[in-house]
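Structures follow.
The two complexes that follow have chain A in common; it is paired with chain B in the first and with chain C in the second.
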Partner chain A sequence: MTKVYALAKAFVRLYLREKETLFWFLLFPLLLLSLLCLIFGRMEEGGGMGFTVAVVNLDRGLHGAILHQMVKDLAHSTELFHLVEVEEKGDVERMVREGRVSAALLIPADFSESLFKALGMAQPAQVKILYRRGEAGSSLAANILSELVQTYNREVLIRAGLLSPIPPFKLEMALIGARERVRYVDFILPGVVIMGLFVAGLFSVPSAVVLAKEVGILRQYLVAPLTPAGYFAGFTLGHFVFCSLQVFLIWILGRWAFGASISPLRPLAILYLLLGFFVPLSVGFLISAWAKTTGGAFALANIVNLPLQFLGGLYFPVTGLPKFLQGLMAINPLTHLGEGLRAALGIGESAYPSWTGPVVLLLWILLSAIFATKRLGFGVER
Partner chain B sequence: MKAFKVVFASQVRIFLRDRIDFFLTLGLPIVFILLFGFIWGGGERPTKLGLVLLGPEEPLLSLLRERADLAIVRLESPEDLSEAVKKRSVDFGLIWDGEKISFLFEASRVQDNPSYEQLARGVAAALELRLQGRESAVLPEKVHAGKLLQASWLHMVIPGIITIPILSAGLFAVASRVTSMRERRILAQLLVTPLSPAFLILGLGLVRILIAYLGAFVTLFLGALVFGVRFLIRWDLFLILVFASGLGGLGFGALIALLVRRPGSATFLANLFLQVMLFLSGIYFPLEFLPPFLRTVSQFLPLTHLAQGMRFALGVVEMGSFEFWGITGGFAFVGIFLVPLLARQATRSA
Partner chain C sequence: MRPVVRVADLRKSYGPVRAVDGISFSVAEGTIFSLLGPNGAGKTTTVEILEGLRIPDSGTIELFGEKVERVGPAQRARMGVLLQEGAFEPYLRVREVLSLFSSFFPKSLEVQKLLELVGLEEKKKALVRTLSGGQKRRLALAVALVGDPELLILDEPTTGLDPQARRRVWEILEELKGQGKTILLTTHYMEEAEALSDWVCIMDHGKIVAEGTPRELVTSLGMASYVEFELPLEFLPELEELFPGCVRQDGEICVISFSDLNSGLSSLLSWAQSRGVALRHLLIRQPNLEDVFLALTGRRLRE
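Up next, the complex of A and B:
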């Protein structure tokens, strides 16, 4: 047992000394969590976007002035966007095309006149919202302007006595699948934890096993009074200690810097964290067994790393995929780790029946272990 | 010239043998484009609305059918709808009983829900008008004013993806390879041969620039083949920008090699530099989404300007020619200025 502890200690020391390991296993998850929370977390808190929106009012009538004022009021009261006043239609079109503003509202010269006619049941008056299709920021700014025009439309109809101010139905909006509104940090934190554990398992095993075998370190270990089982137990223990530190740091950052409210101290969450430790470790062994060289193992790990992360929905819920990718998602261990951990923490429900998660994950561990045991020779004769 | 040819041929062989390098420079953009295309390329697909009608079907049903941004999925009961929303087989749900309109959203879809809520408010507003026999008095007409007529989300993302291997090809090659050669004393051995340091760096750099071109072409080809994304490419600007930015990548790699001695530290710094840039350069997320201080930081990152320059060369955005040539010249200058500095330092240390 002392040998196992000593080996575990050596592995932890090795992890802490290697700058690349520290970057990918410790610093990167913290950096990723911070950046995602800084970007998306502030959006849910109504933090001002970096939009610049332009308005051109070519109408000299009352209605154009009111709509123009509504845009100004929205810009000042909510800090949703920074407003730029433009005089000419050509200027504003150029500004949108060149990306100097995210979107623009163009109130045409005959707006008041058209609106007056529209209230008398003629064709509706039109305003133009200029934007750049395909750009998320520009589309979002255009949607804000579109909603503002809808609000204005309702106000005008009510004031003209054409629409009852009391809607003819009750409007209700409800969130389901969680006890309360989920904050972004609570959604992303389990995803980053699983990503950290996955990357650690996927890349550390090839470096410990294949590289050690390749450069003859394993041979040196095995001529010492240490069994192969002892070697792997020491490695697993050291990896577990390092992963615990990783999870602890991610959780501390999420809680103290970004106000995460979820606690991992729930039996089911702990179970998924343990599976989140063992599954990537087994995938790491599977890759090490498959690859002949360290380079090959790392290349293989790199190939599966990002697709599994993105298809696992760790950062965004993944929907509307083609059938073949849906099948891949269903057998992707990260899908079940992410969904299982989130469900255990009370953030949404898994899209799969509750039994599938543990079954798929245990199958990954079992099949990887069988394959790795068969293929992964130690390359040494004791 | 013979020495240069030998260095060039050896660098090609090293690249082809190094599977990680091969994957990171050529495989990663392919993975990115396929993933982004399949997962988020359908961002302009209609939103799936689960519908349960417990009250009169009209005018709600015809109103919903008129909307191209919604795909209606009829369900039998509120329980079925609730299950469909939770399992994400529909994006959000609507129950209408003639007196109340209820919208259901899945709580964990924190990024999607604001836009679904906006759609829901639009549906409720339109229903309010229809039920009172009114039409809109004002119609907002959205007009695409961007440069490229058929612009989509992928048109914005692909130029960004193209820039990743261009920059990383030179960055990692010079930063980690030169520091590794220096640590293993290979550099010193090479430099006592009649091989000029300039040829050594040039041979290494040229391979990287050719890889940058290859990566860019593969990404463009795949985007067109799999997702039908076509650009109005200005080939002259595109080819010059790839060359200049490849040179710039070598320059940034040289900067790192000048700052640190160990290959591990060089790879660490190069990774940090690249990862920070990937998040803050408007490649994954629009710059407007960043907090003000990060938006300021992004303006100092080379990848922000390179991605925008690439969008211009591919005909996606407008840009002044002064700005484009400023970006191109800036990258070329970084390479031309810093790579010889590294060569001089290598000669001195040898």
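Up next, the complex of A and C:
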């Protein structure tokens, strides 16, 4: 065991001394988490994202004033809406066209008067919402204004006795499959952890092992009384210490800087973190066995990494993908690592039965390890 | 003295190329044994088989008095190996490399003493990547010694070293031999084999073409001395006629071997006087292993 500890210590030193390894496998996940939380976390809290809407109230009557006040109240209640008061109809049309406001509510001069006359008549009074075609933000702002106008429309009908205050049916919206409210940092933290472990295994393992094969380091170890198993045990232990440090730092940053509330100290979460360590490690060894040069190892790691990352559901939903791609997703280790860890942390549910994740992941470890051992040769040439 | 290494009818081919073609030798305990030959002679393949890095096609190997099917950790624990193209982790420090390798062996020498022995104590905190080629070679020698081995296998130990460093390595090897260590080395430097070896095997095209002590090998040529000088090519036929079978042209240099230097040299000088030829840069030297190799193969060691 002394050999394995000594070798593990040496590998940890190597990881911590190589600037590129430090940046890509330790600092980059921290930067990524910070960046994502700063951008999307603020949006979640209403900061950084919002609409500027304008109101032109030409009506001097009661109804125009109430509708105008409702928009003001909405703007006060949320940072999502910023209200701009505009006097002239021509000005507001120009502002919408030029994109200076997302949408505008135009209350005509005779709105209150025509509303009284129109009650129960076929010709209703009119207000106008202006927005730009083909722009999602503008459409969304217009829909919110439209909903506001419809609310007031119903209120007027109820007060005029033309509509029952009791609705004929009730709409209930229920959130299933997750905690009631998942904060963005709690959602993205497991994704960044898995990404960090995956990239470290896929890229750092081949770069170290292939370099060792290429320049003769591996042969130097093997002519000492060190067995191949001893070498890989030492390497694995060193890599485990480095990855544990990586996971610890990501979690500490998420918790202290961005207020993550999830804890990895649950048995199932620890199981998925261990699988998240061993799957990329064994795939990394497999790549090391096939690649002849460090350049080739990086190319091979990229070929493996890119499709798995894109079809892993870490960055965007993959439910709308074609069926054959969904089949590939079912055997993608990243799908099971991401979904499994999130489910273990109580922030989502896997689309697959609970046994599939560990089984698929263990198969990846087993098959990669078998093929890697068969091909690697450990420097002994026949 | 009991043999530490004994090899019989060892064979190894790479496709149609017979890298090692039925060689047999034994290395006696406490001696320095050299495999001398040009690049591609099969020296490295032979020692890599003994290190367990290659598997022979056929033949038998005995190490430390025991027959081994395949060299493994049990044998390596008693050996120190210096590879021809080995390397160390570039981001480890010199002292850390030695400590790491010392942990692989059941017994080990003190790291500080090794650093002093190979002259690297000033570099003990340096990263491997910052060492020069010669310093890396000396570190490799220290690593080969770290397990206090009974048998040292050194593949081209002084390649890439400057003359001063090479002399230092020779001194270290003599010192180790004095301590009773057995050393098997490969080299293509005939002066190295000559200076260090108790026994030399000359290899060419995978075979042992001659073996013995350096003195025996040189004596086997039957030549007392060699005379070298610059000579215009047109005079060569005359000399070949005068000293049949003893003259060879090596570029602009004419080399004549004499079994009796006194009479041979006097005949040469008389001929030169009578023909009015100046024997420029004339040199008289003793025969060496290079001459033995040349006589056996028709080629020079470094060709």
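Just so we're on the same page, the second predicted complex is superposed on the first by the 259 of 382 C-alpha atoms of A that agree within 3 Å, B and C clash if a C-alpha of one lies under 4 Å from a C-alpha of the other, contacts with A are read in each partner's own complex, and residues count from 1 in each chain.
One rule holds for everything that comes next: a contact is a pair of C-beta atoms (placed from the backbone, for glycine too) under 8 Å apart; a residue touches a chain by one contact, two chains touch by 3 or more.
Quick caveat, the model's predicted, so the values are computed rather than measured.
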Residues of chain A touched, compared between chain B and chain C (which is higher): B
Contacts of A:L14 with chain B and chain C, given as first, second, both or neither: second
Touching partner for A:L145 - first (chain B), second (chain C), both, neither: first
Touched partner set for A:S77, first chain B, second chain C, both or neither: neither
Those residues of chain A which chain B touches in one complex and chain C touches in the other: 18
Residue ranges of chain C touching chain A (in the complex, touch as defined): 51-55, 73-74, 76-77, 79, 81, 83, 85-89, 91-92, 96, 99-101, 103-106, 127, 140, 143, 147
Footprint of chain A on chain B - complex, ascending: 18-20, 22-24, 27-28, 31-32, 35, 38-40, 42-45, 48, 82, 85-89, 91, 98-115, 117-118, 120-122, 124-125, 127-129, 131-132, 134-148, 151-156, 262, 264-265, 267-268, 271-272, 275-276, 279-280, 285-292, 294-295, 317-319
In the complex with chain B, residue positions of chain A that touch it: 18-20, 22-24, 27-28, 31-32, 35, 38-40, 42-44, 47-51, 67, 93-94, 96-99, 102, 104, 115, 118-119, 124-138, 140-143, 145-147, 149-150, 152-154, 156-157, 160, 162-164, 167-178, 180-184, 187, 295-296, 298-299, 302-303, 306-307, 310-311, 316-322, 325, 342, 347-349, 351
Footprint of chain C on chain A - complex, ascending: 2-3, 5-7, 10, 13-14, 17-18, 212, 215-217, 219-227, 379-382
